[in-house]
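Only one structure is covered here, and it is reproduced in the block below.
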Amino acid sequence: MDWWRSFFRQESTHSRLIGVTALAALTLAITFVLPPVANSELAGGAAIAIVILGLSWLIGWSGQISLGNSGFMAVGAYAAGIWAHHHNTTPLVFTLALAIVAGGLSGLIIAIPSTRLRGPYLAGLTLAFAAAVTPIAQNFTSVTGGEGGIFLNSLVTPSWFGHLFSGANAVINANAQWTADLAVVVAAVSFFFMANLFHSRTGRAMRLVRDNDVAAELMGVDLLRTRSSAFMIAAAYAGLGGALYSLLEASVRPETFPLTLSITLLTLMVLGGIGTLSGAVIGGIIYSFSADLVAHVNSLTGVNPTSNLGANMQGIIFGVLLILTMMFAPRGLVSLRTPIQKLFRILRPRRQTPDLGELH
Amino acid sequence: MIRVQNLSVNYGAVKALRDVSFEAPTGQITAVLGANGAGKTTLLRTISGLVTPKTGSIHLDERPLVGVATENIARMGVAHVPEGRGVIEELTVEENLRLGAMAAKVDLAEGLREQYERFAALGERRKKLCSTLSGGERQMLAMARALIAKPRVLLLDEPSLGLAPQVTAQLMRSIHDLCESEHLTVVLVEQNAKSALRIAHRAVVLHLGTAVASGDATSVAADDNLRRYYLGVVVE
Amino acid sequence: MSAFLTSSLMHNIFGGLAQGVVYSLVALSLVIVWQSTHVLNFAQGAMAMFATYIGMTEIDRGIGYWWCVIISVAVGMIVGGLTERVLIRPLYGKPEINPIVVMVGFLGVLEALSAAIWTSSTRNIAEPFSQIFYHANGNLVYLSPFIIFQIILAICIMLLVAALFRFTRLGLQLRASALAPEVSRLLGIRVSRMLTIGWMLSAGVGAIAAVIQASGSFGLFPTNMDGIFVAGFIAAAVGGLESPIGAVAGGLLIGLAEQFILAYWSPNVAPLGGIIILVVALMIRPQGLFTKHAGRRV
C-alpha cells in the first residue's frame, strides 16, 4: 500500500504530475458526455478554481488574507483583453502569460505596503484595492471600453476539433467543449505548479512564516520577501483566472468583477477547504454548478426565480454557507467527512496523513 | 473563610494542581508558598473562577465558588490582585479606583477619601495616568483598588515582585495591619517565602501542583526539610 | 467674503467635509468595535444600510423622518448586539481570520437580503432639509441646509460618543473592558455585557452614518455603504484602528482628498485618494498615525 499512500500524499514531482494529469484526463473525458451548457459552466468553474487556488495558497499557506482577488482578476483580464482586442491572432499562451505578469505585478505593488500589515489591515487594504480597480478601469474608456467593456473573440475552436462533432448542434457542442477542455488544461497546468510549490522550499518557508514569523526570521527566512512573493503568486493566479474567465465570456466588463466576487471566492475557498488543491477543485465545481444549485433551491422552496428573492438567492446562500462553514467546519466541507474517516481508522488503523488545511 | 477541597486543575495534558486541600480562615493570612511553576497562580485563578477545575470544590464560607463566573465571585467580596498587579496603565489613578468601586455597593466618594488617606501618594497622583507610576505606587493602587470594594477575601499574587526589600517589608506590614483591622481573609501567594512567613498565620507549600505541607506558619517555618527542599531558604 | 465662499477651493472644502463626516462616523464605529473586541467588522456598512432600510421604509406608513431615524438607530443597535452575541462570541480566541471571514459572509447575506426585500434600485428619501445650495451674490456656495445639518449632526454624535466614553460610568467600564478584560472581570465588571454594548454603540453610530448617506443625493440602495465602508476603514486604519480622534481626522482627510481628486481629475479615480493616503500613512507608521504604542497583539 505504500505506493498508494505516497501517491495521495503527492510526495514526489512524478506522483504530482501523474495525479494532476489523471484528474485532468478524467475531466476531459467527462466533457465528451456533458451537454454544452454544462461544459460552459465547467469552463467557468475551471477558471475560478485557478483564482481560488491562488487565494488558498495566500490564506492557507502564508497566513495573509486578501479580499482583493476580484481586483487582481480584473487586472489580469483587462491586460489580456486589451492586448487580445488589438492583436487578435496572438497565441493564447502569450495572452495568458501577459495576464499572469500583469496580475503578479499588481500583486507586488499591493504587497509592498501590505506585507508589513497584519490581518484586518491587510484585508481592508486589499478590499479598497478591489473597490478601486473597476472604477479606475472605467475611467480610461478609450482603452478599456468603459462601462461596456471590450469585446473579445480570441477563443476560436480549431477546425480539427470541430470535425469531431456532427449532427444538428455540432458547432455549439464543439465550441462549448473546446472552451471547457482548454480551461481544464490551463487549470491542470496551474494546479501542477501549485502542487510543486506546496512541497517546495518556498512552501515550507511560507508555513513557517505563517505559524511563527519570529522563528522563521531567526532561521534566516526573509519575511518581507516571502510574504510579498506569496502575494505576487496569488495575484498572478487571480490574473490568469480572470483573463481565462473573460476570454470564455468573450468580453471584459467592469461588472464581471464586483466586490461581491471577492466574497464568492472566499466562500468557495472556505467551503472546499483552505490551503488544499482538492479545496480549489471542490470550490471550482461548486461554482460551476452554483446556478443549478440555486435554481434547485428555488424550486425546492417554491421561490419564483425571477422574483427579487429568487434573483438574490445565490448571494444569500453563499453568505450563509460562508458563515456556517467558518463557524462549524473551518477546515471546509471536506472536514465534515471526519466521522466517516474515524470509522475507517477504527476498522483499519494506519498512520494519519498530515493536515495542510489547518488554520493557525 | 475560603475552603479548598481536593482541587485538581489540568491545562491540557499538564496537571497544574493535584488534589490540593486547605483552609484560609477569616481574619488570618494564609501564605501559599513554592517555586516557579508550583501552581500558586493557578490556585488563585481557580478561586477567582478564571480557571475551571477538573475536580474538587472551593467554598467561600458555605457558598460554592466553582462554576460561578469571575465577575460574580468578585461581587461576592473576593478581591483578586493579580500577578503584575493588573493596574490599567491607560487609565488614571482615580479611574482605576472608580472601577474598583463600580461593582460593589459602596459609597464612591467615601471610599476614595478613605483610600487616599491610607495611601497618601495615590491622592497626590489621582489625575495621573498609571503608566507614570512606580512599581511601589502601582502596588499601592492595586491594593487600594481591591480594598475600595470592601472585600471579605483578599487574594494577593506575588505582591513583592519587583519591589525593593524595604518597600517589600513595608508592604508586608501593611498587609498584616489590614488583615487585622478589616478582619479580612488573606491568601498571599509568594515566592519570597521568608518575608511572607514573617506575617502569615498559616502556610501551604505547593510543589509541582501538590500541597506538600500545610499548617501553622510557625511550624512550616520551623521545618528544615521544607525550607531546604521547597522554599529555597538557606538553613543556617 | 462672499467671493471667497463661492470660490472653487471652498466649494471643494465644503464638499469634502460633507462626505468626510460620514467617513468619520463609519471610522469611529469601526474603532469602537475594534477596541472592544479586536474584530474589524467588515459588515459594518451593510449592517447600517440594513438598519436604515428598516427605519426609512416606515416613512411609507406616514411616520415622520425623525422617528424613522430613531427606528434606524435602534434597529442598528439591536442588529449590532445580536451580531456580537451570535456570530462573534463563538469566535473569541480563534485565529483573527475567522471573524473577518464570518463578517464578510454576513455582509454578503445582508446585501443580498436587502436586494431581495427592497429591490436593488435606488430609493430616495425625503430629506428633512433642503438640498438646494445657497447663493451669495448670485454665485453658488457649496453648502445647503442639508449639508449643514449633516455636518452638525455628525459632530454632535462624535461629541456624544466622546462624552459617553470619557465621563460616564458605562464609558469607564467599556474602556476598562477593552483595555484589560481579565482585570475588569476580577473587579466585578460584566465584561461580556460590555462587549455587546460596544457592538451596539458602534452599530448605532454606523446607522447614523448610513442615514445621513441615504438621505443625501445618492439615496439608499443595498450596496450604498460599500464605498463608504472602504473609505471609513481607510480612515480608521490611518489613525491606527485604536484612536477615535485619529478615525475622525482620517475620515475628514479622505473626504477632502477624494473631493479634490474628483474635482481636478475624475470622479472614477476618487477611490484612489484613500488608498494612496493609507499606503503613505502605513509606510510612515505601520501601527497607524495616531497610536501611541507600537507592537502588536498576538
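Order as written gives the chain letters A, B and C; numbering starts at 1 within each chain.
Note that contacts are C-beta pairs under 8 Å (C-beta built on N, C-alpha and C of every residue); 3 or more make two chains touch, one makes a residue touch a chain.
Since this is a predicted model, take the numbers as computed values, not measurements.
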Reference subunit B; chain at largest CA-centroid distance: A
Central chain (by mean CA position): C
Subunit A-subunit C separation of Cα centroids, rounded to whole Å: 33
Subunit B and subunit C, separation of their C-alpha mean positions in angstrom: 44
Whole-Å gap separating subunit A and subunit B, where each centre is the average of the chain's CA atoms: 56
In the complex with subunit A, residue positions of subunit C that touch it: 34, 39-40, 42, 87, 90-91, 94-98, 100-102, 104-113, 115-117, 119, 223, 226-227, 230, 233-234, 237, 241, 266, 268-272, 274-275, 278-279, 282-283, 286, 296
Contact set on subunit A toward subunit C in their complex: 59, 63, 65, 67, 113, 116-121, 123-125, 127-129, 131-132, 135-136, 138-139, 259-260, 262-264, 266-267, 270, 308-309, 311-316, 318-323, 326-327, 330, 359-360
Subunit B-touching residues of subunit C, taken from the complex the two chains share: 169, 172-173, 175-176, 179-180, 182-191
Complex interface listing, subunit B residues touching subunit C: 48, 50, 69-72, 74-75, 79-80, 82, 86, 88, 90-91, 95, 98-100, 102-104, 145, 149
